[in-house]
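Letters A, B, C and D mark the chains as written, and numbering starts fresh at 1 in each.
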Amino acid sequence: MGHTARDREKLLLRIKRIRGQVEGIQRTLEADGDCFVVLQTVAACRGALTGLMTEIIEGHVRDHILDPAEEPTAAQRKASEQLLEIVRAFLK
Amino acid sequence: MGHTARDREKLLLRIKRIRGQVEGIQRTLEADGDCFVVLQTVAACRGALTGLMTEIIEGHVRDHILDPAEEPTAAQRKASEQLLEIVRAFLK
Amino acid sequence: MGHTARDREKLLLRIKRIRGQVEGIQRTLEADGDCFVVLQTVAACRGALTGLMTEIIEGHVRDHILDPAEEPTAAQRKASEQLLEIVRAFLK
Amino acid sequence: MGHTARDREKLLLRIKRIRGQVEGIQRTLEADGDCFVVLQTVAACRGALTGLMTEIIEGHVRDHILDPAEEPTAAQRKASEQLLEIVRAFLK
């Protein structure tokens, strides 16, 4: 998956952190823990997944849609940065 | 704005419908109307804005990032369709 | 709608600002303006609608679900604040 | 956590499914798998987390905010159902 191979370590770090959050939610549920704590962790975990998503989308746009090998024009690169700015604003 | 000139009528129809919803919310608030009705209209209106957003993003990707004049490869077109599928799933 | 009558002026200010944004989007579309500007305004407008939503939900929870007349317990008030904290985190 | 003890089995089933999705994402990243597959799984996983969230919020509102022991009025129960309808619409 090209762009994510390059940034694979960073993405793996993110998903491992998300996995830790999910395991924490499971433990709290199993221990019949506090409802609010679960809600907070679920919200944080969803935010982390969105962050992962945004990072993969960035790589996908730059490497697979724009594709450096195809020598994108300045206008295409600019349009691509604009899209990513909107995606980040929408998915924050 | 290229792609939206082509589809401008459709986008204008969408934004006019959204404008009608916003004016409806304002009228209900001014009339001290039912809180739940306001919440429902706000939720519908937000959904309609998201739909508008998605449609403009589709045009932006196809016309400004991919840009037919630059003769995108099949791989670039496929990557572009994949991104839009994800955007639609995320912003629904 | 009780709680929003009390805060009606604030809510009306919000919806009028949103209406101005929607009218701005319509004008930009009619003038065949810049696609990125439209996307930015749509994103801002959606955020403003979410803010309006959150504020109405807060009033709804405090006045209609909790209802001061029913003399909610401290535990109910705390649970209510927790919910609103989660809603704010989720809808930001 | 009261309401989730009652529905704990259902919630545990949900979080275990989410955990499986997260582990799948990690495996695909480690194997340098297809970018689009990762994006699809992340989107599905985020949707599943939102579903879990919504279910916990429902229990929280009914058991901790409304609290059957406090004998909520019909109006409070109705306001509560309205809120949950809006939350479901917003978080779908």
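Methods note: a contact is a pair of C-beta atoms (placed from the backbone, for glycine too) under 8 Å apart; a residue touches a chain by one contact, two chains touch by 3 or more.
Nothing here was measured: the structure is a model prediction, and the numbers come from that model.
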Where in B-C, C-D or A-B does the A-D interface recur, with over half of the contact pairs identical by residue number? B-C
Please state whether A-C or B-C has more C-beta contact pairs across its interface. B-C
Indicate the whole-number Å distance between the mean C-alpha point of chain C and the mean C-alpha point of chain D. 22
Could you please state the distance in Å, as a whole number, between where the Cα atoms of chain A are centred and where those of chain C are centred? 27
Whole-angstrom distance, CA centroid of chain B to CA centroid of chain C, is 20
Multi-partner residues of chain D (each touching 2 or more other chains): 36, 39, 43, 46, 53, 57, 60, 64, 79, 82, 86, 90
Answer with line, ring, star, complete or other to describe the graph linking chains that touch. complete
Could you pull out which chain D residues touch chain B in their complex? 36, 39-40, 43, 46, 79, 82, 86, 89-90, 92
Where on chain D does chain A make contact in their complex? 1-5, 8, 11-12, 15-16, 18-19, 22-23, 25-26, 29-30, 32-36, 38-39, 42-43, 45-46, 49-50, 52-53, 56-57, 59-60, 64
Inside the complex, what are the residues of chain D that reach chain C? 53, 57, 60-61, 64-67, 70, 72-73, 75-76, 79-80, 82-83, 86-87, 90-91
